[in-house]
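In the two assemblies presented below, chain A is common to both, partnered first by chain B and then by chain C.
Presenting the complex of A and B:
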């Protein structure tokens, strides 16, 4: 009798429990199927990719919340919360050749440093997602394991690699062509004045100041300046004039010493070369400017060359040179300093003209070829911009979304 | 810091500022003194920066803690110093080669991305929103794209600039000049703020609590110039005209 009563009580509890829970609005949450957490492809191991299928119950009044847990700490950390209709594969910013951007799946990139702080790649982690509607959990995914890893190859930057390879091929073709037949470079205004400036210095018996700026040897403008210095010092050697090259960077000074020595050798005047033509002044920007200003104002050179990387000291130097009456030729690729050289110098090489100057003066096949490759790059930019605008406008007008995406992805920078 | 040191610092700051500004009139011994002090102080400052911010934390301390891998960059860096000893200066080539190699490796992909890809993408991206663009926005985007092309024509060295190419590159020059004008104004404004900073300091040091440092030093410098010109300094200048 007692046994029967207990059985009846158990049956009652088992059947009435869920009924009461539903009545109280606390139904057991459903399951989000197909929830995965994998390493985010093509990154340095700082993020994890969560994916799960878009469900029929995903509507604007519901939202997803993702949680992460590191095995070391335990507990769940709340990650991003978003409307259930948002965040599909389409929203992951990867190009078409590296990513399927369909809208059938939710995809969320979880930045591990944001969620867990500073954790190294490979740390074991767990993730889960919940679907919330009106404040209660409607469905929940099982917790899945994931670990990020550093990837060796960035497939998403394939366009950059291909473009670089094309450039390299063109460079070698241009080198071979330049050696065989030579390549044309248009006349660059300002460079013709170099002879005039050196001639003037020779006539007046005054020195020439060649200021290579405050760049290091890794700066492209400093490298270009070193090439121009080679040609200028060759002419100085031929005219038996005097050149002074104050330096900011000891490594640039070492390179310039070799260049000037070589130029004197090529000009057949090795006896005229002196070690103190290149001298170190200071590695502090304004100390350097103050000191070079002092030298220019005292020695009153016949010509000043300001070629290379310049910052705030550009006007300080050029203004003193102008006040001392020197003929001045400047060149830099720092756009913000060019206006100061325009105002204070007789001739100014703007940006890429500085790079071109070395090639123009020396006619060295390697330099001329590099210039040709740059010109090819400009041609690509001009053609791509013109054609890209037409095609993107057309694609947008005709709602060819994938076509527009392909064009934009082809020129995706990083 | 004691009050005496504060006052001494004020005199030093006011004096050096006025001495450096005196160059606007002409070169003089006070400017030379300030110039050489600045040069020496600059070198001293950078020496301690290299010593305490680079050598100590990045070489000395890792070595003490048993991390001998830092010897590789340290030796490469030291190889540059061999330039001063002609007999073994060839060793420096290893350091230079490494620097040039990693410099190029870092710079080439970044330059390609920013100078090429970003330029193209930036110019065509606005047209993806063509349906929602106002005529003014379309015009603006076309000006940006057209300006980019014209400026690139100016820097195109493979063809002689004559005929249509010359006209396009001339338009490019106008774009450049507009940019340079804006950059000039912007930088001059920034420089003026630095000038105001120096004037503000000179004003601070002109107070009674600094014993009128700015006024006294300024008057002393003016007196020097007057005396110098009366005592033959001007003659010396005239003997050495600029040009």
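Presenting the complex of A and C:
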């Protein structure tokens, strides 16, 4: 009888044990199947891509948290935590030709520098994910190995590369075409006024101020400004007028010195060239503006050219020039400064006109032909915008989601 | 000689330019390292060029003082300003604060450099008013459109303007804030984007001209 009671007690304990354990919240968590960690494609090796299937239990009241571990340090570092219904392949910002953006899988890009600090590509790492609900772990993935690597090609930028290649082909076609016959270029009033401005300076016996702005030689607008300076200083040399070029950047000054010297040489007036035509003022924005303003106020030039990269000093310079009574011609590609030049100057070159100015003034067929490439580029953009609006509107109306995505991806910068 | 003066520099420009273009499409570490190396070189060249600029600055102002040119007294302030910053910087090893105390360099920065820079920046406010006055003189249809847009913007930004709008045009159901929002988001952005697209394409073409040696004025002609 006692034996039977003991047997029954043992059986009861064995069967009730797991039930009690569950009641105490100590049930073994489930497994997240299909969890993978691979190198993030198209990057320099600074991130890893974690993927696992979207499960039926993924709801808004649950969350995923990912962990990473490096062999060097050991232990798990907590990464990103997010709602279980979020972060699918659709949320990865890559185009259709480089990425399958279905919603059947979770996808998370882990920035290694954020999680582990500065680690080189190829470092062996481990990752795992946990599904949390009401503070307890409901499921956990096995720890998987991963290592990032430096990739060789940004496939996501393929659209950009193709556009560039088309531009290069058109560029060479236009240049070779220019050798055979001339091309029509529309008049740019601001550039036509350069002769008038220099002539006025010659008649008045006053100097011309050419301000190349506060850009460095790596700024396209400063490079364009240097080309314009070449043509302006050639005319100044022909008219035997005086030009002053205050500089913000010493490298720009060095390049401009060579350009002006060459222009005087080409104009047949090397004797008129002086080294102090180009001079350094300051590498500080407002010191530069104050100094140039002072010179303009004192010397009352006949003409002021503001060509290049300008920020807040644009109005400080142009307004003082306007008050001094000078003819003012400005040009910049900083659109936030264009309104100031419009209001304070007689003529303003808008962005692309600044780039075109050197070719326009020099009238060299090879350079002029390159302007046609700019026109072609604008034509492509205009056609793309018009067609894109129609196609995306049509696709949205007809619920052709993939079609809309294709169109939007084609014209997006990655 | 032409080979050294022309062909080699052009080849360097082309190879360096093409590698920079390629680095946009190649994310590999070699590519990243190359761009970083170029940036370092640029900084080093800039540092040396700065000395060149300093020599040019001192030389031109020395000439003005020597010739007693108009306003030569201002040239003295170039040297005074230079010494007022450089001497404290050398005395304090370039530190503006030591143990929570402002050094002489910190003092110069705060009470000379910052004060002067702020003054110049503040002058902008007065220039904006005089520029606005000039541009608001309606001489053409374009100037009229500019005036109307600017007037609505100014009106909407001050409480009095909003009160005037509500009492005069409140019946339209459109608040002045909505009109401002529309002006800033639709015509202003459209114009801005048009300019930006032109600039972007112009920049690409200018870069191609330099990379492929079509534009080589910066090296002089034969």
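Please note the rule applied: the second predicted complex is superposed on the first by the 321 of 414 C-alpha atoms of A that agree within 3 Å, B and C clash if a C-alpha of one lies under 4 Å from a C-alpha of the other, contacts with A are read in each partner's own complex, and residues count from 1 in each chain.
Convention: contacts are C-beta pairs under 8 Å (C-beta built on N, C-alpha and C of every residue); 3 or more make two chains touch, one makes a residue touch a chain.
Everything numeric here is computed off the predicted structure, so don't read it as measured data.
**Student:** Go through the superposed model and pick first if A:218 touches only chain B, second if only chain C, both, or neither.
**Tutor:** Both partners.
**Student:** In the overlaid three-chain picture, which partner chain does A:294 touch, first (chain B) or second (chain C), both, or neither?
**Tutor:** Both partners, chain B and chain C.
**Student:** Given the touch rule stated above, what does A:386 touch, chain B (first), chain C (second), both, or neither?
**Tutor:** In the superposition, A:386 contacts chain B only.
**Student:** Using the touch definition from the top, say if A:226 reaches chain B (first), chain C (second), both or neither.
**Tutor:** Touch status of A:226: second partner only.
**Student:** Let me test your reading of the model: by the given contact rule, A:259 touches which partner, first (chain B), second (chain C), both or neither?
**Tutor:** second
**Student:** Regarding the shared-chain residue A:276, is it in contact with chain B (first), chain C (second), both, or neither?
**Tutor:** Second partner only.
**Student:** Between chain B (first) and chain C (second), which, if any, makes contact with A:239: first, second, both or neither?
**Tutor:** neither
**Student:** Touch check for A:366: first (chain B), second (chain C), both, or neither?
**Tutor:** In the superposition, A:366 touches chain C alone.
**Student:** Taking the superposition as given, does A:404 touch the first partner, chain B, the second, chain C, both, or neither?
**Tutor:** first
**Student:** Once the two structures are fitted together, what part of chain A is touched by chain B and by chain C alike?
**Tutor:** Touching chain B in the first complex and chain C in the second, residues 160, 164, 167, 218, 220, 250-251, 254-255, 281-284, 286-287, 290, 294, 298, 312, 335, 338, 340, 342-343, 350-352, 356, 371, 377-378, 381 of chain A appear in both lists.
**Student:** For chain A, which residues count as touching chain B in their complex?
**Tutor:** Within the complex, chain A contacts chain B at residues 159-160, 163-164, 167, 183-188, 204, 217-218, 220, 250-251, 254-255, 281-284, 286-288, 290-291, 293-294, 297-298, 300, 312, 323-325, 335-340, 342-343, 350-353, 356, 360, 371-372, 375, 377-382, 384-386, 388-389, 392-393, 396-397, 404, 407-408, 411-414.
**Student:** Applying the document's contact rule, which stretches of chain A touch chain C when the two form their complex?
**Tutor:** Spelled out, the residues of chain A in touch with chain C are 42-45, 121, 150-154, 157, 160-161, 164, 167-168, 171, 175, 216, 218, 220, 223-224, 226-227, 230, 247, 249-251, 253-255, 258-259, 261-262, 265-266, 276, 278-287, 289-290, 294, 298-299, 312, 315-316, 319, 322, 333, 335, 338, 340, 342-344, 350-352, 354-356, 358-359, 362, 366-367, 370-371, 373-374, 377-378, 381.
**Student:** Enumerate the contact residues on chain C facing chain A in the complex.
**Tutor:** Interface residues on chain C, with respect to chain A: 21, 24-32, 42, 45-46, 49-54, 56-57, 59-60, 63, 70-71, 74, 116-117, 120-121, 123-124, 127-128, 130-132, 134-135, 192, 195-199, 201-210, 212, 214-215, 217-221.
**Student:** For a test of understanding, state which residues of chain B touch chain A in their complex under the given definition.
**Tutor:** Result: residues 20, 23, 27, 31-32, 34-35, 38-39, 41-43, 45-46, 80, 83, 92, 96, 99-100, 103, 107-109, 112-121, 123-125, 127-131, 142, 145, 148-149, 152-153, 155-161, 176, 179-181, 183-184, 186-187, 191, 240, 242-243 of chain B touch chain A.
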